[in-house]
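Multiple structures are listed underneath, in structure tokens.
In what follows, subunit A forms one complex with subunit B and a second complex with subunit C.
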Partner chain A sequence: MSSEALLAVEGVSKRFGGLVANQDVTLRLERGEIRGLIGPNGAGKTTLINLISGEESPSAGEVRLEGRSLLGIPPFQRARRGLLRTFQVPRLFGTMTVRENLLLPYLALGGRDRRAGRRRSDELLERSGLARLAEEPARHLSGGQQALLQLVAGFMCDGLRCYLLDEPFAGVNPLIKETMIDLIRDHNRRWSTVFLIVSHEMPVIRELCSRVTVLAAGRVLFEGTMEEVARSREVVDAYLGREWTP
Partner chain B sequence: MRRQHLALAVVALAGAAAIPWGMDDYALGVVTIGFYYAVLAASWNLLAGYTGQFSLAQQGFAALGAYATGLSIRDLGVPIWLGILLAAAVSCGMGLALGLLTLRLRAIYLAITTWGFAETVHITLTAGYQVTRGELGLSVPTLLGNLDPLSYYYVFLGLLAVSLAVLYLVCHSRIGQFLRAIRDDELRAASLGIDTTRWKLFVFALSSLLTGLAGACYAHYVAVIGPDMADFSELAKIVVMVVIGGMGTFAGPVLGALLVQLLTSYLGQFGAWDNVLFALVVIVLMRTYREGLVALGRRLWRRLMAWMHPRVEVAARG
Partner chain C sequence: MWLAVSPGLLAQFTLAGLMMGVLYALMALGITFIYGVMKTINWAMGEFYMIGSFVQYLIVSHLLGPDLWWLALPATAASVFVLGMLVQRLLLRPMFVGGVERRDEYATVITIALLLLLRSLAAVINGPYQHTPGSHLPDVTLGPLSVPGAEVAAAVVGVLVLGLFFLLLHRTWPGLALRAAAQNRIGVQTAGVDLLRLDMVAFGIGVSLAAVAGGLLAPVYLVYPTNGAVATTKGFEIIVIGGLGSIWGALVGGLLLGLAEALGSALIAPAYQNAYGFLLLILLLLIRPIGLFGERARVV
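Up next is the complex of A and B:
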């Protein structure tokens, strides 16, 4: 390896009692990469996200961001290093307005200039189509809008280096899904932000991700482009089903 | 927005400063105690209302403050002002310790643990009578060396004003946003870079400090303190005040404290029944209008404005 990957997961395992959720998982994401993480339910995808973001700590192995180990670093400090995540069931600050939900990460991650924060939130509200809901409490939003807001909040962070998205498109209507894809792609292009996206939506993964990692029973089963994945017998048998075609 | 708040604060303070004219000594005493409870209610609201930490130990910190100053004056011979400072420091330190102890506890577990702490304070004050004089009560010198109700009215008004100013600065800054975020979703708050541990400890410390300070001033006002300061019924009173006024609102606890204090003092003839009455009010409010009087007032105000300026309403909608 010539240079250190932006996000490196090295031989990570996680056991919950007798259950092995992740077994010797190794992943290396280069700067600017959008990686898909797919696999059947119970494959350990969310556990892996939790291990990277720091909600769980690994039983073995380590995670590095820009070459620095994240061992023992709590989630809030990982966020300050530019590693953010979203949750499968959207988590928002329900009593705060949509705008406050955007300003919060800006303030929490060291944004001092309130006017600049407001400008950024205005721009993101406009581009995400949430502008007319700006002053609504977040709990009044629909499921899809909540998923969108959860995603967009991360873009308020100046130093966002790596964004982990856990099922961002689940239960989201096609229009909002398009918006989300545009926002992800745009942010990736502008800032070379790394994305690791867990999803069951193959067409979206195909559209967004140059490479995908297939997880099954806690292990990395396969890694490659979507075409290679579709050609792999193993993956098709394990996950995609025989009748599936790319 | 802020200018409005400042104007409102000045009007309220001027009003409160002017009110004593035409009030008899009993009424002055009632409002003075009302100010004391307002400090307790407002600092509990910082914990429970703004940050979602439903602690049941506030009365314990008031008692700790009262006994800290009382005992240090009796046994160490410190001057009153130093006794009060020590009281604030002791409560703040104990608050920090309790915060550390309960850091990973949520909801009902936090409530039970903090309640256990307050009961421990209560029992210690009662059982340690060789030191605290237990139920006999501990004599404490009065703050001003006299019993002039008007002077104490202003002392407690000042205490309330300072406490509210501190709480206002906290709640309306960045920190206030972090606290609300922790209340709404602690996991999400941490995942966005908020040091939840630090801010929860900060809130425990600040809320205990203000409460201990108020407890100390109370001791130097009533001159004899007993373990009943740490009784659970004291906490019940604080909770009722905050809920009636509006939990998580800034003005709610102050309004609730004054209102409940006035009502209990003048409905005194019902004896213990007023507790039942307040319990009923709380149950009805929680079922029907959880945001309390402040939110109710806001809604009525909006209605009134809409009724007086129908066009503004239309314009705002369009």
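Up next is the complex of A and C:
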């Protein structure tokens, strides 16, 4: 392991009153890595994403991006450093057009040339199959298309270093899912962008992610390849209860 | 009694009502715009109208003279914009960074306190006097109706300002960010927008819309420390009619209120001018309690 990972989560804990959502979580993602983050419901996956993106602040521990601590840095500044995220329920701007939804992060994250932004959005809309919907209000899109648009919005950012995806494939039809996987792969290959993907869709995780981190009851239960995870007795127990036998 | 008014006269009153409606709409737009972005209501809106009318009066009477009123207006708008940004930074921003739990209550207390402070300050500094910047604009005859030139000018410039506002909102980058923030405050931060700074700008723009209304109406009505009270009342009447947070609601509601007042005055009796708006409001609440363009909840 190199001296400093692109994204380093160091001993992070988060308590909400008496509830411990994350306990001493440590995670290191190297440049170019696509990491899966899986675990049963209530394992603290979304909380961990919130802690990394800055929506929540940790009770203990810290998060570093390219070696620099993100302690006390608000979400918009993390975004400007290239740390973006998506939400389980897409946070789009419903009455704004699909294209405007893409131009917003482009302009907010340092792109000042509207024409270049338009070209970029044209290209991404074409590749994601949303081109004919470019001038539609985003709220007219189907759930899957909204999830896709949300993902694509992050790709408008030139300086994207690390992209946190919270359940990007939930409720998305297979065709759009394929498009999303292609876009993620392509961006990762071209720019060595790090992805941390929370998902319950094991086939997709297996396809995309070289390594997987398993979270259970707020702690890191296991880390390894998908094959190792599938063989791990404790992971299977955590997911299915102890009665289950293969 | 209904037929006592000729169609021609009715048309004149309609036009006069729409003209006043434009200025009401400016006021309401400021309220609804600030609410739309910050999700808090600025109860001190009328006081920014008052400050706008005073600034306009001071610039016109001490610096430029009544002929250059149109030059004073941008200065009025700009100075109140800066004042608004300062007020937002000092008084309202803490509720977004300090983890205040009940923002609505906080904003209500703060802006009502601000209302009292500004009104009392104006009374202390100005005393009980009433002023007018005066106007050299000739009266305009609309059919049988003679309208003061300043009133026509106010309506025309009001339309221009509304146009500028829409251009800003739909053709510029800050406009895009403001529209986005109005829909999703969390999403806009994730997209990299500095929301705390955007709030300052939104508040500045909102109160400067009120100041523009105050500046434009300074020669029509008088300038005095409590002249914002009427403006506030009308502004909030419109918000209820049009629906809170709706830009179109503010526009249509403003024009409707102007119309209701003008037609009520023409057809029934001018003495109850201020009551017709409330009548319209009560009727509308019976039929559509969320206002013309109101939304029960924002759906993304």
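Assume the second predicted complex is superposed on the first by the 237 of 246 C-alpha atoms of A that agree within 3 Å, B and C clash if a C-alpha of one lies under 4 Å from a C-alpha of the other, contacts with A are read in each partner's own complex, and residues count from 1 in each chain.
Everything below uses one rule, namely that a residue touches a chain if its C-beta (ideal position, glycine included) is under 8 Å from a C-beta of that chain, and two chains touch if they have at least 3 such contacts.
Computed from a prediction, not measured in an experiment: that's the story for all the values here.
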Subunit C versus subunit B on the shared subunit A, clash or fit after superposition: clash
Touching partner for A:Phe93 - first (subunit B), second (subunit C), both, neither: both
Which superposed partner A:Arg80 touches (first subunit B, second subunit C, both, neither): both
Contacts of A:Arg68 with subunit B and subunit C, given as first, second, both or neither: neither
Subunit B versus subunit C as contact partner of A:Ser53, first or second or both or neither: both
Partner chain(s) touched by A:Leu109 [first = subunit B, second = subunit C, both, neither]: both
Partner chain(s) touched by A:His140 [first = subunit B, second = subunit C, both, neither]: neither
Residues on subunit A lying within both footprints (that of subunit B and that of subunit C): 53, 55, 74-76, 79-80, 84-85, 87, 91-96, 100, 103-105, 107-110, 153, 157
Interfacial residue positions of subunit C with respect to subunit A in the complex: 173, 176-177, 179-180, 183-184, 186-195, 298-300
For the subunit B and subunit A complex, residues of the former touching the latter: 174, 177-178, 180-181, 183-185, 187-196
Parts of subunit A lying in touch with subunit B, wherever the complex brings them together: 53, 55, 74-76, 79-80, 84-85, 87, 91-96, 100, 103-105, 107-110, 153, 157
Of subunit A, residues touching subunit C in the complex: 53, 55, 74-77, 79-80, 84-85, 87, 89-96, 100, 103-105, 107-110, 114, 138-139, 153, 157
